[in-house]
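In what follows, a structure is listed as structure tokens, so that the remarks can point back to it.
Just so it is clear, A, B, C and D label the chains in written order, and each chain counts residues from 1 on its own.
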Amino acid sequence: MTAALVIENLHKTYVRKAWLGKRVEKPVLRGIDLTLEEGKVLGLVGESGCGKSTLCKVILGIEPITSGTVQVAGVNINGLSTAKWRDLRRKMQVVYQDPYASLDPRFTVRQLVSEPLDIHKLYMDKSARENYLRELLNSVQLDVAFLDRYPHEFSGGQRQRIAIARALALEPQILIADEPVSALDVSVQAQILNLLKDIAQKRQLSMLFVTHDFAVARFLCDDIAVMHQGKIVEYAPAEELFAQPRQAYTQKLLSAVPTVPRGAL
Amino acid sequence: MTQAALTVQDLHLSFLTDEGALPVLRGLSYTLSPGKILAVVGESGSGKTVHALSILNLLPPNARVDQGKILYQGKNLLSMKSSALRRVRGRKIAMIFQDPQASLNPVLTVGEQLIETLRAHKRISKKTARKQAAELLTKVGIEEAEKRLEEYPFQFSGGMCQRVMIAMALALSPDVLIADEPTTALDVTIQAQILRLIKELQQQSGMAAIFITHNLAVAAQVADEVLVLYAGQCMEQAPASRLFSHPLHPYTQGLLGSLASVERKEERLPAITGNPPRPGEILTGCPFAPRCSHALKKCFETCPPLYEKDGCKVRCFLQEGK
Amino acid sequence: MNLRILKRIYKNKTSLCGLLLVAFFGAVALFAPMLAPVQNEHNPYQLPQSSYQITPQPPSADHWFGTTEQQYDLYYGIVWGARLAFKIGITVTALAFLIGLAVGGIAAYFGGKVDETLMRLTDVVFAVPSLVLAMVIAAMLGPDLKNMMIALTAVAWPSYARLVRGDILSVKQRNYVTAARTLGAGGPRIFLRHIVPNSIYPSVVVASLDIGYVVLTAASLSFLGLGAQPGTADWGQLIAMARNWVLGTPSNSLAYWYTVVVPGGAIFLFVLGWNLLGDAFRDILDPRQG
Amino acid sequence: MRRYILRRLCLLPLVVLGVTFLLFFLTQRLSPEMRASLYVKDPRQMGALEEVIREYGLRDNVFKQYGRWLVQVAHGDLGYSPSANMPVAQALKKYLPATIQLAVVTMILVVFFGVWFGAASAVHKDRWQDFIARFISVGGFSLPIFVLGLILLMIFYGKLGWFAPGGYSIQTDIIIHSSAFKTYTGFLLIDSLLNGDLRVFCDVFAHLVLPAVTLCIGSFALMVRVMRSSMLEELNKDYVRTARAKGLREYRVIYKHAGKNAIIPVITLAGIQFIRLLGGTVIVETIFDYPGIGRFGVLAAQQLDIAGILGFSLMVAVLFVIGNLFSDILYMAADPRIRLE
């Protein structure tokens, strides 16, 4: 069973060239080793500033790698040509945190979800395209009538569904979810979490789920990696980690999570 | 019953927009008993923040109080003269906000902003004010207070800024503290520390507090009593222990259900369908009816009153008989 | 989108009167041949001269606005001056905007060294006050209309370059642009479909309303004798001719008030109209600017 | 912070060089004879231009000539100006103080009234103060300087006889050039005070009023607009709400909290404004016959006096550089985030 995502000793340092050649270096990833098995959901949990979003950017090729290797679906992304990157996009897609910023305000839902199809020349026939779009919208529980509306006409939860539909358009094997529910209200958050869980199971997706909320991670993830200042401090199957967290940092994080006293519910 | 620290009576408030006045608060009433923390829980658009701002009349220009009173020591804050209200702000009723770094003036040192608060209400020299400011910082857990007074807000972390805000709020030991989502912007470890700090200081000083949040779990950490707000109306209000053990209103049950728990793995979250109403949406009947799985026909026609029974209030026809 | 803008303009009084002013001057410029019949065929901007008498004459039956020194008819000057103002304003703004769009676009799109050099170039042009640089260029090229327009364009494009570059850079960081990259879209596709529509639109509108400022600078150049030549229907030139008559006669110091007030008023109202319209569009498009 | 100043310091000479090259490149359009005046030391040489052309190789490629010209400028020799019939360097030295004096007085007017009106209009948004400020601001933008200048001249000097044009009256002229009057700084306003001669001070100031008022309208309009939008932005910020929640008096909330932050963009603008003023002096000094470098520049341009034009533009570019640096330092003093970066 080949792993969907293999990261070995990954380093990422942001370099700011100050005047007169003085270089200001800011290491963000300090040697990450991580593997995402196929069909599994890996939770990446950490506080703000631990580098989890940077890791997503590196995996998606938005930020260059300083050192170390990243293999996506068996392909090493270091120094990959744009053509090869384009093919890789069909295997790996992303859902971002801010539903208001990740959708172009001037595009209708139809244009948004069709963009990946136009780029990769899929379902170019008009009726096939229309049916596929309807199918995609249904898979994220969105009313087909929304196809010709603009993002500003939707709530946060609905926009995130549009973003998910767009990510699923290329039928990827790997989904990178960078804190997809953090910006949503609690009731809407639950709907999107259920949706992601169904999609992951139905499509046998391997998902890297980034979050700062342990409770959300416990609900959705099979394994969990705890990240702190650019390093993975603990990596274990979810139930094992929650049963007895080994690292002091993980224990500290877990004890700080506010819980609701469960009554008769 | 000792005199309430603060009473809100039938508060109606709306936003003035191009398309006319959008109602945001549709008759909110509650009493805050002294020495107690009341958590006001609501999702975005529920009107929880605008209600907090109306208490000290910090409303944006396009907000308008249509009806209702806010009583503090028998006087209605809403109709108070601005000079009188100014003596209440900060001295009797203090407030802390969600984004600590943005709530401090970036071009003034932390010391200046603390001293300014003290001297606004007390006739004391700069020197004594400075000493008291240092004590306040130490009290909220900031080391080397003397040195930190000279630093600017951008040299403080989010958690540290919130501690400064708390120090500023408690400078004149007010009777009531209003905290508008004070830990939402903070990491979970810092959030736990700030919640503990607020609880300790509240118990030491015996002041009352209104704690506004969208997260029931955070409310559970500090609240003595919880009020669940939805579309500008109180859906349920009860002592914390009862509300979490026996939630009566379907919305409260839905909220508790959709909150993923860190204690055990759930197969599926019993989420509430649909979306929270946009602020100002015109609603007939019970605002939660469209998303409620137990909704009866009459729920869509008339809005249920607030039934009250031994200290718990709930706005739902299902509770009519009980 | 546009209907909303028109509604907002209509509702806001100041922008409405801005619209009326611009429309009024537009009509005057359009119907110039009817309002003031052309005297000299091959150059309609040549002012008719009723005689060579030096002292300007006050407004009268056949010279509604009076005459300047050497009896150039002010009424004809104002009417055809409006057409010339539009001609100068539109050509210079359009040209300057295109250059600015190219320079700003290239600088923002490529970034790095290209961005640095292009921006330093704009800094150089910004280093000298626009009027001084225009004055110098006009002097070097020799004072006539075409050269003046070249000078004005050379001075106007850098502010557009900076405006366009700023807009593009801010949109470039937006999340939906990164999202497009992760969909596999190439650089040019992202630039044309996502970046340009979201960034250029506000700049185009704000830029088009700088016509007022361009006409103002053109008039200043003519006033200094470095733009239109005496006898052309250019407002700035008309005022230049009024300079020696400002102090009037020993008996009545305001004798020749009209030689300054009439062309001066024309420029003021023209530029005011564009500025009022510009403010309205700036508020509507970017309410945050307040 | 030092790094920030260092960066600005290295950048500015580049800009000045860029300006001079741009202008020098423009002069190439003209015939060598016309360009010869750049290299003339004294008037007698004006006759023998051919010799000057050969001597300075005015037919070589532009870069060589530019290099030679730069070296010459470095030695302070800017050539001879027929329009001012004196060497350019000397003309600049003679006229510069008057322009600086005018610009500084105008700047004080612009900053003081601009900030005051801008803040007032923001605080009383959409009330009468706001409409007046906005009308003055748009009006100021639209009213050409020379129209305003001529009208003011017509009314105040023509009709009422106050504020005569020119730099100073004839009597003052005699006093200034008399031996008793010592020039310390070259700025008449200051020198007259240092010499304790109040009459000269008042006379010079009287001649300054109309030009200053005319010059400040455009910049004042811009300052009001920037201060207004900056103040509006700050007033909506969270820390202003905190200040009110603390029970501070309203004026303290507005001026100490919001004002202190709102003034920062105004300061950076002040540097750029100073340069716009120099642009304005060109017209104002011409209308009011005020003996500054602006008038010198216009005469040079009108008579196509190449040396004069280049010398004038160079001086303006240098003033720009100094003005920019000055506003940067002011900016750092006002904003701790930059100062302690």
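Just so we're on the same page, a residue touches a chain if its C-beta (ideal position, glycine included) is under 8 Å from a C-beta of that chain, and two chains touch if they have at least 3 such contacts.
All values reported here derive from a predicted model rather than from experimental measurement.
Undergrad: Average the CA atoms of each chain to get its centre, and name the chain whose centre is farthest from that of chain C.
TA: B
Undergrad: More C-beta pairs touching across which pair, C-D or B-D?
TA: Comparing C-D with B-D, the pair joined by more C-beta contacts is C-D.
Undergrad: So, what's the distance in Å between the C-alpha centres of chain D and chain C?
TA: Here the centre of chain D sits 23 Å away from the centre of chain C.
Undergrad: Just give me the whole-number Å value for how far the CA centre of chain A lies from that of chain D.
TA: 56
Undergrad: Nearest whole angstrom, what separates the Cα centre of chain A from the Cα centre of chain C?
TA: Taking the mean C-alpha position of each chain, the two centres sit 50 Å apart.
Undergrad: Using the touch definition from the top, list the residues of chain C that touch chain D in their complex.
TA: 14, 120-121, 123-125, 127-133, 135-141, 212-213, 216, 219-220, 223-226, 236, 239, 242-243, 246-248, 253-254, 257, 260-261, 263-264, 267-269, 271-272, 275-276, 279, 288-290
Undergrad: Flag every residue of chain D that touches chain B in the complex, lowest number first.
TA: 125, 236-239, 241-250, 252, 257, 260-261, 264, 334-337, 340
Undergrad: Help me check something: in the complex, which residues belonging to chain A touch chain B?
TA: That would be residues 47-48, 155-158, 185-191, 193-194, 197, 212-216, 218-219, 238-239, 242, 252-265 of chain A.
Undergrad: So in the complex, the part of chain A that touches chain C is made up of which residues?
TA: 60-62, 82, 85-86, 89-90, 93-94, 96, 98, 101-106, 115-116, 119-120, 163, 166, 170
Undergrad: Residue numbers of chain C touching chain A in their complex, please.
TA: So the residues of chain C in touch with chain A come to 174-176, 178-186, 189, 194, 197-198.
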